[in-house]
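Quick heads-up: structures coming right below.
Each of the two complexes below includes chain A, the first together with chain B, the second together with chain C.
Here is the complex of A and B:
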């Protein structure tokens, strides 16, 4: 039988509480974005110095062989995802935060990344406690007199565990992706067996995403200055269809031109490979240690059951 | 093999059809020798870019042949040839696919077989030449447009090409960047093939012109011969001599004469200044990354005023225009028609302010011209009848009658620009904003746009690098620099101030000098051949004797003198259309001309 704790909170108060909680989260997220928006360390950078040289000696993540880094951090992330216990999920989150500090990633960037998953976590925290099925031994908080809204503490525990794991993995992406230029990371992937074409596609997508975004923005502005306003009317759907169609045509034409430009400079199937450092024993040892730490967390998790 | 005696490129009976069977090139016969500086000229859609793409094998002839150093451009030879032939695309974003500027510049040298260190060294050297060495590790998408153009050129120069093919290298560049580009090309010692509508730029860097018309090579002449022959230039839609004409008299503003009290744009006399249309007080705008785009701008503009906005790329012109359109909100006060523009009412500014973008493709998205024009009119809530009336009127105004069912994306560059203008004019805004209205247009397209804009009466803001349009269309000029308004003066004063260009880093002098040189060539040419001339002297129609300027054809091999006190005459070239008495030639009359008759 589940343990039940009664509460006499009226429904409007509960709803108000939820709305207040969501609003507070949204406001905090927005405030963080506004706070760090103007802080661009990139602008202050000396662009005549290569990124690896600029970050030389900054942290071991920056000088770690990219293949070992990918195996260790991606492997660790998979192990973290398989954790079931809240305490160990928080343990993984702590490891990620330590890695973040060690990689000397700006705090603002990490927070911006966290705000991206914050909405997902907040949704889990609100929905899961009231939707998980009640199992024997569950602790329940009955919020209304007629017992139709039951707050299951196991649901809260589950939501917190998932949230902590999501944040741990999200934070690990910073040391993984933010400590080496993208071409080097992608080259590392291809050296691990991922098809080279995949790396080229990601690289070009990353480059042209901004161009397409700007094009779409200019077209949207072109519509706005002639009175287009977003709404769900049928005529607007038609306009939106034309907009997407035109964007597709422009993007398609652009890809043809980009390919021509690549051919014109001698491209025949492969990008020149970026500079890579040689693999050392320390690189491998560090990767093994990372994976061991993850394995230990999983073992502890299984032992606790 | 001795390449010195052999042409670098030989084109024999070259035809090209696109997959949809559109005939783009027909029977092209030409040769290009090493060291030639060739201009490919012609109207929009004449086949210039299509031909240029044959020079480095991006397109292959449907029939006929193109030989590079005596061999056909195909297979492995093509791969090898491409490493010697650099092609600069019109849009630098097409070409800058590298993750960083240095990586992009080293892409070609790496494909030439250089080691990483050698390729990077070559790339660094060329980045230094184009003055971008300080941005070597920056992502291309974070560069300004002018920087992107130079980075794209660096990527080609790093390959030390024997041939450089440039497609509209100066499109959308300010005069300073244009001058930088010109200097770089003057320093290039290889073969140059350049496509541009900027004939003054071509005059500076090319010695030979291949003129294309509807996919056919019409002329292969020296560039100076081409620019001096106005009749030929006009036939190819390239005559830009309208730029050398003296300033046309401006109609006076007179609201009472038109009864146009709404202030909406229309054809007819200028409305009288009646009130302050725009007022910006200490207005500043910051982008999300913290950079300041405009700073403490103070601006007053009256209803009916025509204003030019001048400044280098990145001076803040576009941001200021976005503010005026209500698309961006910064700090400070913005009043439109004496009412404060707030977050709420800025969403309705589109009813009062219209803009024609630099790239018309940004504002054309409908399936037909009719739909495109009707888009804004529907948002205004006009009835079908009113929509049709306005559509008919604006299509007539911009010379696109009968285009109602055409697909905008299939129109030529000039037609698209006029359509974009028609879409805005149909909405009868009180303020029209034009952002680089001549970008990408051939001279004929420019002249057509100019004719339409000259007839418009109403408030106008023109953001441009084109001083001729400033002179022709505006009365007042704002010079912007680093987000602020550096100078606010009459357009006449601005254009007469030769030293002003150096204030905001713009360099107009080379264009003015080249323009004067071309004008002198045209005059010398016209006076050596039978030509039409405008004369003002006594003549007779039967018994009636009178005097008025009129045209007639004559030839003289001497320096013509109209006035006693001048040995040479120096009037700018005139047009046949300027004849004030059109039927004059058909009438029975006697007249003579010469210096003696002017006495």
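Here is the complex of A and C:
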């Protein structure tokens, strides 16, 4: 690595840094978890009712035509993930945050999405600086004189860029999905040319997911009451296997009943369609503006090279 | 393990969507149209099963289940897994919206392979099915992990290290998943063997309608 710029830090400082970083991450995730626990236990809600419903807020996201909304936000997401530079990825993250605030939806669900992404990003942040191959011109931080552990700042930059892009897209999911009921969003998707069957299947499994979640919860309660304790012995795996088997038997049987019921109510392979609004100029204009913003980001990204 | 947004190059994410769409279109033709709602309902059971955490020493792992999906759904497994991943992305942000296609290829093709092998060699006999089921449970994760590593490597040599570590991290999951799938298949063979009988559950006339 003759051309690489390197600077050295004593080993104990680096170790301390890592420990601090891990502690901070653990504390943050714990705090978030407490936050969610507190919120979900407050409202003792019926888990068989899907939560992915529209919030009742009023914002331009709520009144935006759903087709334009899908095209603009999904198109923007694809543009964002093709960015290469950290500064522009943060620019995209800023756009997403502004969108989230403008959509005026509860922050908790966006936070849940961020924690789901954060685990993956944290993994990359730890692994990539150590494993990225060294190119000429990279800035390295060498620990101790023996050079057995080298931090490549280019890897850190890469991981941060990925993290910012992932979070930018994750934050857009709430304005996309949380501002209209799911059936309307899926209907918009089918009017854009996606097969109707797809929307139907998503709707159906989305609905039954909560039914089975409740069923699994009931079975777990039954197991606990009979003295089952979670641990990782072989006999315990057998119990888990039976648990899963029972869940599938019940689901296959329920499937047949659900389908019979659907047929009895006249199901012909189509659901009744929700009423649709007519497309206004402003809807289209907003979508075009949004996509233009994304294109500008990508152009700037390419010019920076 | 699902890939998040922003890791893969744009060409791979778009190619993933294209490939997944093609395979799904092929598979939809094989399934009778009116059976698709049933597949959707069963998929939600797989979704819930994927949320269960199995304790493993100090931590816990959650199940991926491509092997079991292949065993139970046969050639519809690809559709079920694609649908499940769409839902995971929409509801839980497990795997990003832009990589749903690539993730579906990564998990769906192993499921198809496992389903085919299981129904080709299962014959009868509870122990044989249990053993084969366990092998398929492990194989499903092996193939999915290899797919994950391949996809990561498509991002360039910078991702070699990440791919290697991702492969290593799947080793305990392979064992756990194999054992659990064996137990589940053994349980089904004892309690409701007809679920293992029909490889194309959603194509044939349903045995217990």
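Simple rule for what comes next: the second predicted complex is superposed on the first by the 259 of 305 C-alpha atoms of A that agree within 3 Å, B and C clash if a C-alpha of one lies under 4 Å from a C-alpha of the other, contacts with A are read in each partner's own complex, and residues count from 1 in each chain.
The rule is simple: a contact is a pair of C-beta atoms (placed from the backbone, for glycine too) under 8 Å apart; a residue touches a chain by one contact, two chains touch by 3 or more.
If you're wondering where the values come from, they're calculated on a predicted model, not measured in any experiment.
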First (chain B), second (chain C), both or neither touched by A:264: first
Partner chain in contact with A:254 - chain B first, chain C second, else both or neither: both
First, second, both or neither for A:117, with chain B first and chain C second: second
Which superposed partner A:211 touches (first chain B, second chain C, both, neither): both
Which superposed partner A:234 touches (first chain B, second chain C, both, neither): second
First (chain B), second (chain C), both or neither touched by A:183: first
Which superposed partner A:155 touches (first chain B, second chain C, both, neither): second
Between chain B and chain C, more extensive residue contact with chain A: C
First (chain B), second (chain C), both or neither touched by A:277: neither
Touching partner for A:246 - first (chain B), second (chain C), both, neither: both
Residues of chain A contacting chain B in one complex and chain C in the other: 204, 206-208, 211, 215, 242-243, 245-246, 249-250, 254, 258, 260, 262, 267
Complex contacts: residues of chain C adjacent to chain A: 4-10, 13-14, 28, 33-34, 36-45, 47-49, 51-52, 54-57, 63, 68, 72, 83-84, 86-87, 90-94, 96-98, 157-158, 160-162, 164-165, 176, 179-188, 191-192, 195, 201, 206, 208-209
Residue ranges of chain A in contact with chain C within the complex: 52, 74, 77-78, 80-82, 89, 112-113, 116-117, 120-121, 124, 127-128, 130-133, 155, 158, 161-166, 168-170, 173, 177, 197, 200-202, 204-209, 211-213, 215-216, 230-232, 234, 236-238, 240-256, 258-260, 262, 267, 269
Chain A partner contacts - residues on chain B that touch it in the complex: 53, 56, 58, 79, 82-83, 85-87, 89, 91, 93-100, 102-103, 106-108, 110-112, 116, 119, 133-141, 155-156, 159, 286, 288-291, 322, 325, 327, 347, 350-351, 353-355, 357, 359, 361-367, 375-376, 378-380, 409, 423-424, 427
Complex contact set, residues of chain A against chain B: 37-40, 43, 47-51, 54, 181-183, 203-204, 206-208, 210-211, 215, 218-219, 221-229, 235, 239, 242-243, 245-246, 249-250, 254, 257-258, 260-268, 271-272, 274-275
